[in-house]
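Below you'll find the structure, written out as structure tokens, and then a few comments.
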């Protein structure tokens, strides 16, 4: 039997493999992003960049909990101008590079994109869903009007694919998903982390300096899969599943739920960078056993059972 | 349920190493089993969490690190008293390897922290060590007595250099390398300290075709290889390092001693 | 040193221990509830009862996932009249029995309470947060006006303490918490399960017959602790923490976050009924080491750190 | 990552036990290691998930259960062909214990399912078995040949009873107990079948002061002791049972054979 085809397309972004690096994991430098690409990622997403430079929160910014990790990095980033410089001096034309952006309003997003758009950036991911930074992120995602305005603004500024990363910290994620689709999103990344915390019982202190952070990892997988499943029934644009993928079975579950691609973040903490090759192999073997020629054939197969 | 959260430990002993450097000793089983070169993320409650090389391990579950007062976090550590609480997670990272043969160690300041447990294992393995300890001036030296005691166990030598000549030979630590390398067959050079020094050590090592292992520093947040804040070239100091060998150091030579990133990820000259 | 005091009071409900049985776990019969009480629970909550009899969903109604369990029981219950009969013929006066009720509107809640109130029920827990049954549960919790009306209606019908169990499947749980407090809730149970799903990759089928269910267990603990922490800063009534408590460290984390009591559900799957005694012992030992005379002294201690 | 989800297995063999009873054989390592009396939750894809006693285990990783066509779920199972897929989780629950000595087994219908692996272990342990198999009429009997083959390995006896006398002795299975118990010293009585029969077996056992172990049935949802749907008295059939010993059976005697709960939790007479 022929090797199954793992390639996918999301809007104009062609990927050799449906496994992407999630934003904020190792996405601090082009060199690291390239390494992850070479380790088997079909596309790599940068750490979220904002208009102004931000130092982020003090450490501890990351803590492991049972079933996952909490992080409250605080959107640390060098600022869009510095980031532009860094991209400009790097060779990125052969890199399936997705730039993740956060911002407070449509104007910030437009300005950032107008700066970057001349570069060989392949797509943008709008992070309107970071759960632990006031004024950006989840608060944006919870404001429907703002979400629509941001997406529309971005779409007028660029021809490149625009992915919108949704917050699961909302009452009705399907609502936001539909809104994003209606206002022009080319794909949805589902989903970001869950607001959560850990307290050190010896000292009584919240462990993260910011006290509250975002929960990622296997713990959130069943919720993320549900989000993908529900959104798939209500929107037509591709979904990029994200949340707790550690092994190939996890990846398959997301594909069946309706994800065209998946992102891996915390999985790297458990499996190292080989997580991409391991999952790729597992997915291939699965496709062979199931007699499928392409990963595209299994997307959404969990739907339609009575 | 089990997870790799900070473990709260009590400071059992505080050792004054110099006016600005102190070692803190605590009891923690995983840390006491750290290999030379590994580090620990130290949570200074309410202040910060910073990486510290493990400078001491004991079989009875004790471990220690050695901190130089620099900014807020290190000053808070420096000010800790016996009985103070802190959190530790780790040990993390790649350790020194191939700990045997005739070796050279080049260190300066708290860069000696990971080199001390290394030299202890080396002398256990009967290695001959040329240890070059550099500094600007006499006040800055730490661990010299401990190094002498350790190195006395094998046919080893300590060379002290100061830039102002106030202690040992006048000059840079790296100046002391060439005479030795010209005369002796050295199997490995280990180094830790200011990055410009490390870079110079690397260059000299390349000249003499001696392999080297260097322990590097970058901003760390997660300590476990996911956040990317400690990147240098295509590597993560926390996971691919902090100890790097010659091939890797050569790969990152453009960044080494030239620039690093701050907490925002912005590139800054060193 | 004296044995630390584990007793607490929530409104007029006095409990020997701050560990309660969560609703829906073993709460199908008075005999089982008594057994859990004898195993060390300070109070026991019945499975949620509704106005009409409900068969619930087909099996599979429960499936384990990494870090927890999914359930979509579907609020199966014998109906309030049958339940009233069962309570009437049982000896319950010595049992710290909390009856959990669900309903679609204020009227249903009022009628149920008017029927039960003559019995030796010690308190009510309003389940307005079941994540997988349409028309009840989470949909109620997401409708602020309805929540307020239900609580007000219930409070006019009974003098007994009324706990309100919140859904974490909302954008802003603090908002619902405040509303519940303002409309008369005596305590808040924080929180119910998260909408989630698991897909069998061999067959492509969602495993639960209802496809979507509620995620409980260790996986959700950091989120539940965060909910308790945030609510504690915004309301004055007691909080009953619930979600993923398996060992005594988990319980302490909830107390420090601001819970006066905690509920245990899925923990029983991991540790059996001895989970209550084990946690009690752990909490006692902790209090001794920390020099506290009562568990009440540690409630909310995680607050106020800079 | 690992969790106790249903494992999808393929039906490898379907054995016709009677017109309404079939055994399905499949490969599953955990099930093949089940102890006599344990059950498995069987997921009939798209239909239901129901508990089934494991009626057969083999060392080569095979296991089987035996289903009587009753309602929708069991009919769907009954209709499965070789190659059909189903999900299994388990084995769960308390198994028969003390499997040695001179024993009596009283079973009827698919109640024999857990008693068959039990009798196989008993004969391996060289026990003498009095096995009483009851039924309404001749058509309903299953496992009789298998029982004969098993019991032939030790000094054992099979007594068949039918209510209409169409096979074996006319009467109830429990009628056959007293004559034996009067004559012989029996160490343990094992039983499974209709609950009224079990209750009668218990009463007779009490009369003769012989300990008993009975496997019971109640509605199951979780199968692992958290949902409470299988409650009987203060016990959960899935976790505290399905095999109950005399002291426990005496505790729940008011419910036994009298009432059970339906899927809504409502009490219904048996």
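Going in written order, the chains are labelled A, B, C and D, and every chain counts its residues from 1.
Please note the rule applied: a contact is a pair of C-beta atoms (placed from the backbone, for glycine too) under 8 Å apart; a residue touches a chain by one contact, two chains touch by 3 or more.
In this text the structure is predicted, and so the values were computed from the model without any measurement.
Considering the contact criterion stated above, the chains in touch with subunit B and with subunit C alike are A. If you compare A-B with A-D, the chain pair joined by more contacting C-beta pairs is A-B. A separation of 67 Å divides the Cα centre of subunit B from that of subunit D.
We define each chain's centre as the mean of its Cα atoms; on that basis subunit C and subunit D are separated by 36 Å. Chain centres here are Cα means. That of subunit A falls 51 Å from that of subunit D. Of all residues in subunit A, those touching 2 or more other chains are 65-66, 198, 205, 218, 305, listed in ascending order. Multi-chain contact residues, meaning those touching two or more other chains, occur in subunit B at positions 1, 46. Contact residues on subunit C toward subunit A in their complex (touch as defined above): 65-68, 70, 142, 169-172, 194-199, 201, 204-206, 211-212, 215, 218-223, 225-226, 229-230, 249, 252-253, 256-257, 286, 298, 301-302, 305.
Looking at the complex, you find that subunit D touches subunit C at residues 1-6, 8, 41, 43, 45-50, 85, 87, 220-229, 231, 233-234, 236, 261-267. Against subunit B, in their complex, subunit A makes its touches with residues 24-29, 31-32, 34-35, 47, 53-56, 58-66, 69, 71, 73, 76-79, 82, 86, 198, 200, 202-203, 205, 207, 209, 265-266, 268-269, 272.
By the touch rule above, subunit D contacts subunit A in their complex via residues 1, 46. Those residues of subunit A that touch subunit D in the complex are listed here as 218, 246-247, 250, 305-306.
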